[in-house]
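Paired with chain B in one complex and with chain C in the other, chain A is shared by the two complexes that follow.
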Partner chain A sequence: MLLNFKDKVISSIISVIPDKKIKFESGMKNYNFSKDQNLKLKKIMGFGARHVAKKKMTVSDLSIHGIKFLIKKNIIKKKDIGAIILVTQTPDHIIPPTSNIIQSKLNLSNNTLCLDINQGCAGYLIGLMVSFNILNLKKFKKILLINADVLSKKVSKFDRNSHPLIGDAATISVVENKKNEKIFLSLNMDGKNANFLKIPAGGIKIPFSKFTSKLKTDKSGNKRSLENLFMKGDEVYLFIMNTVPKMIESILKKNKLYLEQIKYFFFHQPNKFILKKLSEKMNIDEDKMPNNIVGMYGNSSGASIPINICKNFKKKSTRKDNLVCLAGFGVGLTWASMIINLSSLKFKKIIKLS
Partner chain B sequence: MKLEKFISELSKIFETKKIDINQKITNHKNWDSLTSLSVLSLIDANFRKSKLNLTKIEKFKSIKSLYEYLSKK
Partner chain C sequence: MKPELIKKEILNIIKKIKHTSKISIKSNLIKDGFLDSFDIIILVSEIEKIFKIKVSGDKINLKNFSNIDQIYNLVKNASKF
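Take a look at the complex of A and B:
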């Protein structure tokens, strides 16, 4: 579906990265690949380092660290926070919502809306859509949109499909009502292929047991249990190549925009390979579609687009030069894109949590 | 894409000149999860068969028959 929004802005973004850094080489010995194959994997996929949460570090820890920073630097005042919208697939607990935990630890008023959303790689766009709609309610205050995951805890170290790419992070975006150019959103879902990306056990259908923690070897020699993230790599690749370029083409066309008017394509970064192939297929300069995040911090699911903006967006003085296209694709399956003017982004920063 | 070009692209992916077109692609000694991804990408960029996943590719009895299928309009 194609939607549009009026006078909404992202005014600040902070990214919180765990201090713990793991280099690709340190995980190599666990993959069922020769040294040459591993080094080729690293080169082609653009793997470098990943940042992962320490054993006891959770989504709420990373999020609270970032929000406290925003409050301390006077980027947002506590009394102006109307909602905490948290997009995560690795909540602190099944019950209660992690957003309520964050509210309590920050001593926010009982007038704060707390809402958890289960979404992955397109989670930034889903979170923005929900935020924009809530901001249409009369006199609604500012929204803290959190995208946070600690998926590294759910990945098998013997799975070279997922292990070398997953990183952990939290981002907090301040979303508010303010004059802005029209925002366009394309949102698409395909639950039929939801099995392409899945953690089978740990919910109600398949509870944790001795059986679910047992490692099993697949055809390619990867070992994982039912409690680990499973990704059907070839299908996910085909899904992305078949949907994303068409989606971007159509969101531009339907809104009478040209590729050249978009200054940056801040896409979700699963790996460098896919981004290079997307930029080739869509005829977009690699410079306009940054792919440097996954090799520095890892693929942190819904947080990867806001981290990408924090790292790579250079604001220009002319408004039209701040028009960007965001796109996320993955879990669900979900694929979404947004065209938004970032002229009102007044603060962005990446900080670490040790 | 001509057959010769297809073979030369495969030999770049597999990093060897030895490409036997009568052999099954998945039986090539350098076929693995990484080279298979490059093959998917080669097909996506050059042919109109966008739904060809690895399970389907595995069913072609030779590189030649895979190419013939890909070239069919």
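Take a look at the complex of A and C:
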């Protein structure tokens, strides 16, 4: 579906990265590959360092740290926070919503709307869509959109499909009503292939048990349990290649825009190889489509696009030079893209939590 | 470069990646378990470097890497850079 929004802006973004850094080399011995193959993959896929949450660190810890920083620096006032929209796949508990826990720990008013959304790599765009719609109610002045995950806790260290790339992070974006160019959103879902990315156990259908915690070996030699993240890598790769270039072409064409008018393509960063193949397919220069986040922090699901913006966006004085295209794709399966002018982004920062 | 030479070169690259001499021109590389998706990524990177080509992202799937002939077709049809 194609949607558009009027006069909405992202005014600030803060990214909170756990201090704990793990280098690719330290996990290599657990992957069913030779040292030579591992090092080749490191280079091709851009496996570098991942930042992961400590044992007891949760989504609410990372989020609260970021929001307190925004309040302390006077980026946002408590009284102006109308809603907390939290997009996560790794909530603190099944019940209650983690957004309510955040509201409580920050002592926010009872008028604050708290909403958890279960989404992954396209979660920034889903979160923005929900935030924009809530802002249309006018009662809401500012929304804190949180994209946070501690997915590293759900990955088997013996699974080379996902372990070398999964990182943890939280980002908080301040979204508000303000004059801006029209925002275009393209959004698609395919629940038929939802099994390509899945944590099978731990919900109501398959509760945790001795059976679900048992490691099993797949035909590539990866070991994981039903409690771990499962990713059908080859199918996910094909899904991305078959949907993302067409989606970008279509959102530009339908809105009478040209590739050259877009100054940055801030895409979700699953790995460098996929980004390189996407940029080749779409004829986008690699310097307009940054791929440096996954090797620095790991793939942090829905937080990866806002981290990408924090790290790579350089605001220009001319409004038209701040037009960017965001794209996320993954769990669901979901694929989404957005064209938005970031001229109103007045604050962006990456901080650590130890 | 003649097709046979290209196929031989592809075979050598795979043998080197997999550290094995058991693979032949006739091998079914996927069914017989010689290549998985990560091996294919390494292989794409190697053939792009050696043949100075770019393999289109949407052509990288298990089917197109099931035997040496299929990989040869990919190399033949890839864009030069």
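Heads up, the rule we're going with is that the second predicted complex is superposed on the first by the 354 of 354 C-alpha atoms of A that agree within 3 Å, B and C clash if a C-alpha of one lies under 4 Å from a C-alpha of the other, contacts with A are read in each partner's own complex, and residues count from 1 in each chain.
As a working rule, a contact is a pair of C-beta atoms (placed from the backbone, for glycine too) under 8 Å apart; a residue touches a chain by one contact, two chains touch by 3 or more.
Predicted, not measured: the structure shown is a model, and the values here were computed from it.
In the superposition on chain A, contact of A:K256 is made with neither chain B nor chain C.
When the two complexes are overlaid on their common chain A, residue A:S220 makes contact with chain B and with chain C alike. By the touch criterion defined above, A:L278 lies against chain C but remains apart from chain B after alignment on the C-alpha atoms of chain A. In the superposed pair of complexes, A:R160 makes contact with chain B and with chain C alike. Ranked by how many residues of chain A each touches, chain B and chain C are led by C. In the overlay built on the shared chain, the residue A:Y237 is in contact with chain B and with chain C.
In the superposed model, A:K40 lies in contact with both chain B and chain C. Within chain A, the residues touching chain B in one complex and chain C in the other are 33, 37, 40-41, 44, 160, 220, 233-234, 237-238, 241-242, 273, 277, 280-281. Every residue of chain A that touches chain B in the complex is listed here, in rising order: 33, 37, 40-41, 44, 160-161, 220, 233-235, 237-238, 241-242, 273, 277, 280-281.
In the complex of the two chains, the chain C residues touching chain A come out as 17, 19, 33, 36-39, 41-42, 45, 54, 56-58, 60-62.
Listed in rising order, the residues of chain A touching chain C in the complex are 33-34, 36-37, 40-41, 44-45, 160, 219-220, 233-234, 237-238, 241-242, 245, 273-274, 277-278, 280-281.
Residues 32-34, 36-38, 40-41, 44-45, 50-54 of chain B are the ones that touch chain A when the two sit in their complex.
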